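Have a look at the structure below, then the notes.
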């Protein structure tokens, strides 16, 4: 029999090793899943994890995609990670992502066709504001009425999706869209378009914002009192009050920051890669970002790697879908498995596994 | 005569520590047997083995001469072993009857059970209403529930783990009456405590544990508390000498302070008023759950009160938060070490930052000066003799006594004008407890005001200059600690005669 | 616009059907939470129940087998959560979220060949004379058996929690797991059984969605029903009877907005589709506002990690 034995200190080595163990375990379990679906597991794993970067045939298309898909995931995950550390569970980043896109994109549509360098900064701010305000709803309801922020933020995802659909079938519907439920295409509007900055790299303003978030997030977490207070709040509510941390302010800050970053991600997405508001705009990045946050150990540097890895599974998943007819949903199940394995092996940080010695039981 | 319970060679090891090492003794029918030892001596492990919660690695237990090896509490209960726990065994949201039913093997129907509860509680003078919620009851009443739960099963052996730590002296007398009655009826009692005077009063024999081993046995009535204490600790004890106290200028004035408890089962503070002077150690006694937690929260700033209810050196601080109060010189150390006074998984450096950053200037525009923080933590460790490998070890890896020295040290090192501590030596070994008391006295000697909230009367008598009792959220008048008798305090703790008892 | 098309009797009949899935799931989660565990994976277990129940019913031709299989698969999925949280001591919030995400993906994977198929019909009961009575007939005697089963389950759960020894033990575990452990109760085993029951109920609720309510399989068809069930537990203050009232309230809002959409109300249907979610938020706020009462009814150990130190 195996026995768990508590470590006196959390193991630092395991904090780095567990995500890697989880990824390997997921590859194995995913391979079994692909085999059951009738595909060669080795081919499938190679297509998902190797080909997007190194296969010359597809890499010219997929390599830039890596950054394009990773940017919103990382941006959102960094925001979420602060809250998760403080036990403030914003599960509605998807809704804040949508509202950032709607508010920022809507502002752009309202300004159209006014061309000026000032347009893009304005819509960036509006995108962040849209996400921020949407996240303030669960924050205020939690502070004022003690309403569970998990459920409220999640319900607001559905509200936001419906709001988006009301917008693109109503006021934001494109006058030249032949009746489709979608907005004007932003690549027709030079001042508002989030274009690629270096060709074939996938680098756009959202990627720059993401990089800035990684650096600022890391400094805030490790060097600033704010990061310290967030960590205390997550460990023990009483200790954090004793340390003078205002719990309501923590809730507002955590939700506000994650909302603003999600809104930014939505804005960069809608004005760039997605290029228009439509009912197909929400892709579930807000939920995947939760996995990214955990996989990255709620640490901005870890999240950077986790986001790139998760982006890889998206792109590789599309390739596998295309080449092996693996259903699109398989990759979502694959991502879910990754989270399971990560949560499961996390126990190795605080416990070590020992063989139970036989004897007087 | 066959002993009721015979233990021999019991050994139980946990990673890094041998909790029980070859422990053996006997309990006769109708005997009250004391198990004596410091925290960490292995008393609770031994009791858990007898109750079937832990299985020994080796050794033998015999009950009525038959091999006895319970694998779970159910078996132990079926064999006639009942246990009154110190903590963790009642369900606050459930009723008395439901709680008692949960502790029985084959509980009767609800109505019959309620009748039995009333009957047993009447027989032993332990008044109980079966339909009341535990959460609404005092600590003393809760213990009655535990005892009645045991008595309903006609136990042969009743194990009591620190039963008096939550009782007033008067309630202790009632408890002892019950225990004597049980003993006369032939029930044996295994009585675990570190309160030596009580053991002398009630116990027939005693076994003394130290570091997991039996280090001696004695007949308590033939010993003095001092000789038993020395057996327990293994060294000679010195009692700190009391210093003369002359009140200095007033530092802290609390006037008409009220606080609604945030805990649905907590105790709200009502009309608290007192003054604390430079050089004074004010002891606040009271039975657990009478508002001690709330009092600490209100004074430390974790809960706000009306602004002029608390004056610190003449300034109103009632609606300031903890860090503002710290800046003005008011510091605190709460009762719960892990999870309130310290964050369990954080390093000692980080825990030094927890309360130290304002007064010790450990941040610069919000950025943490980690090197300075580490130095502060190291200074605490050295000055207060905290046994730990280093500043980067997690708070939870320290023993209770060491962590408490760190917590108290962290506050004292910040040179407070006023320091409030709640249960400073609870669950701490004797040498660390003595160290902490000494440090608090020294702080007062240097001109600070110290408030010690404690349930340990002996401790309060030892270090307090002045004295008050907290009962149901109200504070008695502050009086001089010299000349107060335990009986007077007992009455105050019971909440009666608050005004006449005050001298 | 034609509101006359909305008949009150038909409205109530269809609100009962609309409420059944969330009622079943909420009852399951209520028991789980009473044992002190917060499983946020209800949505995932529901959708797995929906797809598995659908596949079983289509394959065997029996809706009953569909419900049973949906329940089994929901319970099986919940065991992943049980292992993670009870043995591996993983964070319950994260594990529940993982369960939902994995469930949504895995269900889509299982079901992608089953889109657009009609499941076997699940007949409403038809008692001659009684069912044909005006108003009373369709209201009391015209539902399918699962509607009655769900109402029966309200009573069963209430009876179990408040009148049986096992229910008392379960509540004790949820109230204070250390005390329950000290008294010798198997905290982890009891919680795993509760989690399995919650999974089965959510799976059954999901199967009802795909077999009766919609009835067909589409990806993501639960559309937040599992989350609404979670909110319902808070709304019900952990009391089964109130869960019934809450479920019918939500069902009523859902059905009413669908009817209004069908009646061609002149606002965008998207706004009407928001209403169940907005109502959930409002109700949640009202029920949580009184902190003292909310914390009095909530199981005290809810969501807390249990690790026996002995």
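Just so it is clear, A, B and C label the chains in written order, and each chain counts residues from 1 on its own.
Keep this in mind: a contact is a pair of C-beta atoms (placed from the backbone, for glycine too) under 8 Å apart; a residue touches a chain by one contact, two chains touch by 3 or more.
It should be emphasised that the depicted structure is a prediction, and the values quoted were computed from it without experimental measurement.
Student: Sort the chain contact graph into one of these: line, ring, star, complete or other.
Tutor: Shape of the chain contacts: complete, all pairs touching.
Student: Look at the interfaces A-C and B-C and say which one is made up of more C-beta pairs in contact.
Tutor: If we tally the contacting C-beta pairs, A-C comes out ahead.
Student: Would you kindly tell me how far, in whole Å, the mean C-alpha position of chain B lies from that of chain A?
Tutor: 47
Student: Whole-Å distance, chain A centre to chain C centre, using C-alpha means?
Tutor: 28
Student: Cα centroid separation between chain B and chain C, in whole Å?
Tutor: Each chain reduced to its C-alpha mean, chain B and chain C end up 45 Å apart.
Student: Tell me, which residues of chain A touch at least two other chains?
Tutor: none
Student: State the interface residues of chain C toward chain A in the complex, per the touch definition above.
Tutor: 40, 80, 83-84, 88-91, 93-95, 97-99, 101-109, 112, 219, 223-224, 227-228, 230-231, 234, 268, 270-271, 273-274, 277-278, 280-281, 284-286, 288-289, 291, 294
Student: If we count contacts the way the header does, which residues on chain A are in touch with chain C in the complex?
Tutor: 37, 84, 89, 91, 141, 145-148, 150-152, 154-159, 162-163, 165-166, 169-170, 287, 290-291, 294, 327-337, 339-340, 343-344, 346-347, 350-351
Student: Help me check something: in the complex, which residues belonging to chain B touch chain C?
Tutor: Going by the criterion above, the answer is residues 48, 52-54, 72-74, 77, 85, 88-94, 98, 101-103, 107, 264.
Student: Please output the residues of chain B touching chain A within their complex, sorted ascending.
Tutor: 15-16, 55-58, 300-302, 321-323, 326, 332, 334, 336, 339-346, 350, 353-355, 357-358, 363, 366-368, 370, 393-394, 397
Student: In their complex, what parts of chain C are in touch with chain B?
Tutor: So the residues of chain C in touch with chain B come to 165, 168-169, 171-172, 175-176, 178-180, 182-185, 292, 295-296, 299-300, 310.
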